[in-house]
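My questions will all concern the structure given below.
So that you can tell them apart, the chains are marked A, B, C, D and E in the order they are listed, and the count of residues begins at 1 in each.
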Amino acid sequence: MAQTLQTDAPRAVDQILDNYRSDNPGVRANLYRLLMTGRLAGTGKLVILPVDQGFEHGPARSFAVNPAGYDPAYHAQLAVDAGCNAYAAPYGFIQTVAHDFAGRIPLILKVNNHDVLFDEKDPSPAQTSAVKDALRLGCAAIGFTIYPGSSQWKGMYEQLRALAEEARDNGLAVVVWSYPRGSGLSKEGETAIDVVAYATQIAAQLGAHIIKVKLPTDHLEQDAAKKVYLAESIPISTAAERVKHVVQSAFDGKRIVVFSGGGKKGEDAIFDEARAIRDGGGNGSIIGRNSFQRPKADAVKFLNKVMDIYAGKK
Amino acid sequence: MAQTLQTDAPRAVDQILDNYRSDNPGVRANLYRLLMTGRLAGTGKLVILPVDQGFEHGPARSFAVNPAGYDPAYHAQLAVDAGCNAYAAPYGFIQTVAHDFAGRIPLILKVNNHDVLFDEKDPSPAQTSAVKDALRLGCAAIGFTIYPGSSQWKGMYEQLRALAEEARDNGLAVVVWSYPRGSGLSKEGETAIDVVAYATQIAAQLGAHIIKVKLPTDHLEQDAAKKVYLAESIPISTAAERVKHVVQSAFDGKRIVVFSGGGKKGEDAIFDEARAIRDGGGNGSIIGRNSFQRPKADAVKFLNKVMDIYAGKK
Amino acid sequence: MAQTLQTDAPRAVDQILDNYRSDNPGVRANLYRLLMTGRLAGTGKLVILPVDQGFEHGPARSFAVNPAGYDPAYHAQLAVDAGCNAYAAPYGFIQTVAHDFAGRIPLILKVNNHDVLFDEKDPSPAQTSAVKDALRLGCAAIGFTIYPGSSQWKGMYEQLRALAEEARDNGLAVVVWSYPRGSGLSKEGETAIDVVAYATQIAAQLGAHIIKVKLPTDHLEQDAAKKVYLAESIPISTAAERVKHVVQSAFDGKRIVVFSGGGKKGEDAIFDEARAIRDGGGNGSIIGRNSFQRPKADAVKFLNKVMDIYAGKK
Amino acid sequence: MAQTLQTDAPRAVDQILDNYRSDNPGVRANLYRLLMTGRLAGTGKLVILPVDQGFEHGPARSFAVNPAGYDPAYHAQLAVDAGCNAYAAPYGFIQTVAHDFAGRIPLILKVNNHDVLFDEKDPSPAQTSAVKDALRLGCAAIGFTIYPGSSQWKGMYEQLRALAEEARDNGLAVVVWSYPRGSGLSKEGETAIDVVAYATQIAAQLGAHIIKVKLPTDHLEQDAAKKVYLAESIPISTAAERVKHVVQSAFDGKRIVVFSGGGKKGEDAIFDEARAIRDGGGNGSIIGRNSFQRPKADAVKFLNKVMDIYAGKK
Amino acid sequence: MAQTLQTDAPRAVDQILDNYRSDNPGVRANLYRLLMTGRLAGTGKLVILPVDQGFEHGPARSFAVNPAGYDPAYHAQLAVDAGCNAYAAPYGFIQTVAHDFAGRIPLILKVNNHDVLFDEKDPSPAQTSAVKDALRLGCAAIGFTIYPGSSQWKGMYEQLRALAEEARDNGLAVVVWSYPRGSGLSKEGETAIDVVAYATQIAAQLGAHIIKVKLPTDHLEQDAAKKVYLAESIPISTAAERVKHVVQSAFDGKRIVVFSGGGKKGEDAIFDEARAIRDGGGNGSIIGRNSFQRPKADAVKFLNKVMDIYAGKK
């Protein structure tokens, strides 16, 4: 195996970067920036603020409860103030704030999106921005959503392939939201452990540097997989065990995996989830609605507590 | 926040341009031209004359009532004479007049269009001209229609993305007609406040510099949204309140929003609408049929009165 | 308005070219060639010989009645001998004769075609040649058919847009055959006056320099349009009135409109049609089957009589 | 008309090449090579060996009866030994032998193919190689199959158009297999005289230098065509008459037409067919299964007899 | 025929390379590397380790039985330790190990993949990486799966054509997984001898340098083919006879054919298969699940025994 480089970077970051040693210096630099920004800098853990709900769910559903959030600058500032590792959003939100925030915090340009004014059974997001935009706006990475299980899977994977190639060639990291969905799956199956582990593997095989999945349940969706989980007694009864299995599915932990927070819920539930992610070896969380749908001071306090958990302090 | 530049431009225009500070000087120059042309120059308000009805509805339905309008030069001259900020039309109309009018008034090339000889439930306009045409013909912006709610949404958003990128790279502004329509929505839902606010957000996220939507009703179309409007008691009972909510959905007013006049109606109704748009913080109107479907002298008088309302004189 | 240039060209041609003053010198040169060739040179009127029936209907249906027409050279020579303004045909026919005829008469390369071996309800022709071919073969223009009213309309308009852009950039004129057809229309509706006027407008908006439509009937197809025709009492009872309305729909006569002859019929009917086109302000005829499906001497005599009508001699 | 050049080439070849005088010297050189190779060199007649059945029908159905044919070199050598004008095959077969045979005999790269493992009612072949391959492998021409009458016709014609353009630009000749097939036609209609003549015309209009069709029957498929065949008393009762009509449909004989041999049958039947093709003015045959599905010595003898018929010796 | 070159390479390798004499030196160099690596170097036989099951079946189904296999480095090391000729995997797996393993063993980048979260009747894999990736990662070849018999066949063949062209132009070899599947075939038909032989021929015609098929059964699927197998008494009763027929279908053995191991089964069954492949003239095996789903030491021992069979030692 290649020898770990002697650098000033914390050991946790060096160890992670070592898994990306086939990547070019540009990509590695941006992964380094993501890992060395904010309160979790140097720990190998990440808490990222994503705000694509304006596009995905509509503005009122996203921002009415805390109207400061209608302004794109609010979120970028929240990410900075809370000490997040990065801020992710669609083109319009990123474009509006890039002039002021690029450089201050790593920006992730979410290059495809989906709205619910036409809400199909087998969704495929539209490409809404480009690698060229990410470069012009000073971003560290692009973000892309795939829906494994949708009949539109082929188109999404091929669009990701092309964009990921262009991103890498330009030194940008690639973050993949891998969300199983569509007529190949039951509703419960979308968060089944076998399906989420599979979705993780697919994202890794497609070249994701960072994989974002939902925290899985212990449901088993696919018969052929179920047989193996039972035969091999793969432990999936606790959230931490399931996280561990997902991390294993990310090339035995050689790819960064972060978990999404989902809809707004109680703080304690989220803290428990963070502990499970940490204990299972996950790399952190992407937390949107649970952050920006509360007053800013609360949000900063809340996010800092999540970060403390990842830092092993809670 | 970035500091407002010290220029000769009126303060209202400077404040608006400050929201576009991530844009390149070429785009900013064209936004400046749009805001500094005509009777409303310097007020931050716009009244734009659009004439795409010949394509969208047919020539007789559009021009028979005032046959001077069959001639493309009529409309460009009307826009100049009435002191509009800009004139928008499809390729043929713009191409015929550009030799004489480019420079005299900002031209907006409407690069996609739809006719009703085949009128589908889930429409998607055809691209009918290109950014290259807009540049060659001396235009200040391109215009593009999307129909959120149509099953063809993905194709439209991706076509807009590509054209908007090319437009921006060449210093042109991007005006998006965001008209919800298609099998995802009821007829009433096309102008529902939740849907129009959502359509505004989508256009902004897709990179529109100027967003054109219809004046919404107080209908609430989507269940998940309705819940939030009620829970948060978002005020939507008056036209001005609804305009305010739409403006909020345009990145808290950081994107220019203008409202369409719709079919021909009584003058007073339109004046009332203009006051509501003004009072709700909207940036103005796009008025087509209510302008060119009356004799020219009447139209100029009528448009001037609308402008006076925006200028705060009525 | 721009001042008419002082040239040697006849006043009628200068007046027409003045409507194309946004076009580049290359396009204007080819329009000039089309207007200054043959017996109608300088009159502002055109009679064009089109022979695409071998492709559109099959060889025997087209040429068996006058077998000399199997040979592509026959038609080019007929067009020259009869003093037509131009000769239009698909790739194979043009390519075979270009070596000898390019320069002697303006050639129009019909770049899309449709056959009836598979005859669908919603047709869309195939692109069968390219702008590059037209240039290599010394043509003055490309010809392109659209079928407004077909569910395939978007694909056709976008293909025309791209080819028209390339043609213009290379100094070629663009002739659009605008033939309403498809599931959006009844059979009678294909030649209804409202539909033909609309098809004319669409072609003009898409950038056609010369528009070819069928001579319309007084049928009114679309309800919304019918209302306006009745309310505004648009005169459509005579063929000349209908031609006038179509010409008005071509940007108030700022675009050249020629009318198709249709299937073979009695000479007098065609002469009457030509008079109606002339009296309504149309620019001429495209006459195929009525020319090449009779012996050559007859055809020349027949075409000359049509030309005399346009020249105002009959 | 252009004057025939004074060259050393036999008069028959000069006369044919004169019909291609709009083509560039590169294409003319390859047509010359095809007409000046083998036992029929200089006669204006061609016998071409095509071997695409391995792809189109499967290897055992094609080669089991004479297993030497599994080896691609067998066929190229057979074509040379029998004195054929050219050898045509898909990429794999041509690529394997090109190192040794390019230059020794004109090679025709069949750039699209279809297999019967999925055998659809409305077929469209897949492009399986490219013009660039033909150039690299020293070929004289590309071959392309279209199925007029298939609902997929538009895609095939447009693919042919693009490939033919590229071929011509690079000096390669274009051979079109025009095989009516698909839901627009009855089974009997695939070889009906009206349909085959129409398919010939389509190929010629699409720019084929050499057209390959099946020998037609006297069936009349299309009602509108039938009417004309009867009204004009077009002679179609003998095979020679039908060949003559097909040749007429190939621009009055200005394009080379060869006829396919079809499935294996008795020698005498094929000799009779060759005589009919010769007497009707056809340019020759493409004979595959009837050649390579018999022992080599027999095949050479058989092909030589066919060639003698074309040379007028039998 | 071309004369065999005098080189240091073993005679078996020279003989194989001679069949690729139309290929460029870059492709030949990579075929040479594949044939001169590992324990079978110089024998003309190959055993390749493929690991795409993580993508194709999911991570737990693939790796839970031997969890070391979650780590991509495990497989590359296994291929080296067992003395395989090459290691094949999708982008993510190859990318993770290329930094360390490129050069040590020929890498085959599997550029398309399919998962079973949406499992359609007529599958078509998604392109998941590119020729450019293979070059950057130091690979010797690309791998591509086609499913003849699927209604999506045309798209797959055309995607392969384009990628194979680019691969060859860059000196990479092309390995085609030709797996009949889809609504054109019964389940039993997927491994029928007539179908597998046909799939072999198709891959060879499409330009595969190395063809991978499943070991066929003696079932005959297609009626037209069945008739020929019976009429010509093609021997297909033993596995070795069927391999011989498949090799014959690969251009009479002029293309390398390797056979897939299929699902996990008893060792003796696999050894028998290897003997049949060897005796029938096949070039070797691609063995995935039967290798990496057992402990490493066992796997090495097992693979070595298979190699010994190919080397003629067992």
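Going forward, a residue touches a chain if its C-beta (ideal position, glycine included) is under 8 Å from a C-beta of that chain, and two chains touch if they have at least 3 such contacts.
Not measured: the values here are computed from a predicted model.
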Each chain counted as touching chain B and chain E at once: A
Taking all residue numbers at the chain C/chain D interface, are over half used by both copies (same) or under half (different)? different
Using only Cα atoms, superpose chain C on chain E and state the rotation angle in degrees, rounded to the nearest 5. 145
Cα centre of chain A to Cα centre of chain E, whole Å, reads 36
Give, as an integer number of Å, the spacing between the C-alpha centres of chain C and chain A. 58
Give me the residues of chain A that touch two or more other chains. none
Chain D-touching residues of chain C, taken from the complex the two chains share: 54-55, 57-61, 64-65, 67, 70-73, 90-93, 95-100, 113, 115-120, 124-130, 132-133, 137
Within their complex, state which residues of chain E touch chain D. 1-2, 19, 21-23, 148-151, 153-154, 157-158, 161, 165, 180, 182-185, 194-195, 197-202, 204-208, 222, 224-225, 228-229, 232, 234, 245, 248-249, 251-252, 254-255
